[in-house]
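Chains: A, B, C and D, in written order; residue numbering restarts at 1 for each.
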Amino acid sequence: MSRPTDDMGTRSDASRAIAFSDAVFAIIITLLVLDLRVPDVPPGHLLSGLLEQWPGYVAYLASYAYVAVVWLNHKGSFNRVKESDRGLHWANLFVLFSTALLPFPTALVSHALQEHDQRDQRVAVAFYALIGALLCASWLAFFHYLARRKDLLKEEVSERHFPTERLRALVGVILYVAAGLIGYLVAPLAGLVIFVVLPVFYAVTSAGLYQVPLTHRRARRPPPSGR
Amino acid sequence: MSRPTDDMGTRSDASRAIAFSDAVFAIIITLLVLDLRVPDVPPGHLLSGLLEQWPGYVAYLASYAYVAVVWLNHKGSFNRVKESDRGLHWANLFVLFSTALLPFPTALVSHALQEHDQRDQRVAVAFYALIGALLCASWLAFFHYLARRKDLLKEEVSERHFPTERLRALVGVILYVAAGLIGYLVAPLAGLVIFVVLPVFYAVTSAGLYQVPLTHRRARRPPPSGR
Amino acid sequence: MSRPTDDMGTRSDASRAIAFSDAVFAIIITLLVLDLRVPDVPPGHLLSGLLEQWPGYVAYLASYAYVAVVWLNHKGSFNRVKESDRGLHWANLFVLFSTALLPFPTALVSHALQEHDQRDQRVAVAFYALIGALLCASWLAFFHYLARRKDLLKEEVSERHFPTERLRALVGVILYVAAGLIGYLVAPLAGLVIFVVLPVFYAVTSAGLYQVPLTHRRARRPPPSGR
Amino acid sequence: MSRPTDDMGTRSDASRAIAFSDAVFAIIITLLVLDLRVPDVPPGHLLSGLLEQWPGYVAYLASYAYVAVVWLNHKGSFNRVKESDRGLHWANLFVLFSTALLPFPTALVSHALQEHDQRDQRVAVAFYALIGALLCASWLAFFHYLARRKDLLKEEVSERHFPTERLRALVGVILYVAAGLIGYLVAPLAGLVIFVVLPVFYAVTSAGLYQVPLTHRRARRPPPSGR
């Protein structure tokens, strides 16, 4: 309302970015199911066909959990954003870009595990790790941007919030690269297990990091009269 | 506004969870149509090809109705939620997870019925029942969470609402398991019929349960002159 | 806020129904493009392959225009709705159901026209007409419901609005049935032409019907002090 | 509120058009990933299969960037719109129509480049350019409509904004046609490079055009103490 005219295109509240991102996440998480297909087996063998597809179910679960955690992260981050500018939009579009890629390596891993070829499994797991790391890298960029742009944040946001998040994203990059190396050099299945565990780990620590330094943060909160 | 800083990531109004869920339900309900395909028949046999696909239409109808009822349930539940926390988000993501699976058993049932193999039909119907029961179980978890967390609910919500809903979800688990057993042990078509009837039953009883204490409610309603 | 507790599940503002419907329409209109595929031709024949797919482009255009008109209709209708109840939700879900079917007959028509088999073309066009008529029938039900439920409408809505809309929907049912008969009995292409023209006709008349009785309606408007 | 009754269907705030468009863009940008498929190679050749798909990745990147820029443009434009009427809805639906087509030429280009047939590559690149130009043409129509309808815009919008945007859209039409001609007559890969560069160019110039009159704007901005 009181914003100057020319900022209309560059600065704005983030509501459309949020709605757009929600839709993208919703589509990604739902598209994953398209890789669960009717098994291509002769009549009468549906049960064994379904059972042999188990890697597809594990890959589906891993990717669903990953997107869910990404969505929760996204929600937690934008809850702290007051305004968005062009740079933040592009950082957000980078996060969406790497999340949108996820169904592709998920399908690769699921395919390779059902094909029973060790070389392909190593490649597929390494590829999944690559996209997983890219996704963490996009969060790294996103958090790095917000860590330097206090003017885009709500006033009550702790100064240490986004630097801490940045660190978590960096750890994510390292863990996915490590999982990729283990999957490629040691055993593909080990990599797959890490892919399932990592989102769980993130879900737990994210809740943890928010809640641990509670007393500390409360002390720094601006007095209620400040608004 | 007056919420303490540290809750930003964990406690928040449920608007984004609702928007995200709406998008997921919209996608699931629309993806179902992708399983209605141009029949793979020689030129000139389109009509008979279309008619032979009737199980696909029935399966589509059953799943569409199921998702519609889930959406109505979801809307009715979140209408009563004041705030969401991380636990509720995960319960909600579990509901979305099991709903998002629905197109998969729908395709299986539709495929098996067109293939005319009794064994596969039994497997497909049992699998559909399994996912149907899982979906009811996710609602059970969701309602159980809300039944214990009064602080997340709006003040005017009846104390007995979510315990009652929990009971309905439990009945749903039992009915889908029963349908699966009947479909597997007795006749696949009987299972399919139950799958079509169950959402109808739910749609009706849910309206019923809301409307039973009508006289009680009318007494409490503000006088008509208030408008 | 001031609504009694027990109505929470049955009566509510229509905002979630609108958001859900928008998402469904958006998905349907976008899924249509999935039927435009890379033509399956030997290398070096891409151009002729693309040109031979022209029926697919026409069918795409017809269905896109149809969904666009449905969306505009939906928007115009819900603009007049104050509150939604369970009956309106189900009428709305019926509209979404029949709209969501549209990609299926679109693919059928496009397939049959590229296959050059007269019998299949007649069947496909008749099938498209059937779904088109079903969609108009769902609007008929929707408008019929609203025509009888003044309490769900905003006060300034003209008494004659929804009865008029009901009539337009009825005309739509008849026109699609007629197009199907012409396409089936006379010439499939004639049916296809009607499918493209019908949404255009609806887009034009809908604007017309809203604007013609302008003076009449203005006279009946409640005085501004009424609120 | 104070709007006359009869405008309900024709004039309204643009919030539903925005939500609908966001959903459409979200679906388009996410559907693009469906063209990244598990390569159809014999077991043990997944890595080379993945590497040979590189044109698919480039095409994906180009189209993702294009849709992202379209979304940012859309957001910037509707930020300036106060009310929407039927004409603007149709202009918007035309923009969505041409954006929704994008996955189709993307798949064509990606397919043709992997097929190693020069003739097909020329056709595919020309086709991509055609749709790219159509998309710019739809923006041209959209901006042209808004340039003549001041009454739909917010009061603080600069008089020169939409005429300038119209010019940018026109330049886009010309550049895509030029890229198509170069790709068709000279070298398909040159066309592809331009497709990747064009959105980048647009992203940069759009920011540029908004930011040039910076000093002017800063003068008008409310004093920092206002916060």
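In this text, contacts are C-beta pairs under 8 Å (C-beta built on N, C-alpha and C of every residue); 3 or more make two chains touch, one makes a residue touch a chain.
Chain by chain, the UniProt names read as follows: A, B, C, D = Membrane protein.
Given the structure is predicted, the values throughout are model-derived calculations rather than measurements.
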item	value
Classification of the chain A:chain D interface as same or different, half of numbers criterion	different
Superposing rotation of chain B relative to chain C, computed on C-alpha atoms, to nearest 5°	90
Chain whose average C-alpha position is farthest from chain B's own	D
Centre distance in Å when chain A and chain D are each reduced to the mean of their C-alpha atoms	25
Chain centre separation in whole Å, for chain D relative to chain B (CA means)	36
Euclidean distance of C-alpha centroids - chain A vs chain B, Å	26
In chain B, residues with contacts to at least two other chains	19, 23, 26-27, 31, 34
Residue ranges of chain C in contact with chain B within the complex	2, 4-10, 12, 16-17, 19-20, 23-24, 26-28, 31, 34, 86, 89-90, 93, 96-97, 100-101, 103-104, 107-108, 111-112, 115-117, 119-120, 123-124, 127
Residue ranges of chain A touching chain B (in the complex, touch as defined)	18-19, 22-23, 25-27, 29-34, 36-38, 43-47, 50, 64, 68, 71-72, 75-76, 79-80, 156-158, 203, 206-207, 210-211, 214, 217-218, 221, 224, 227
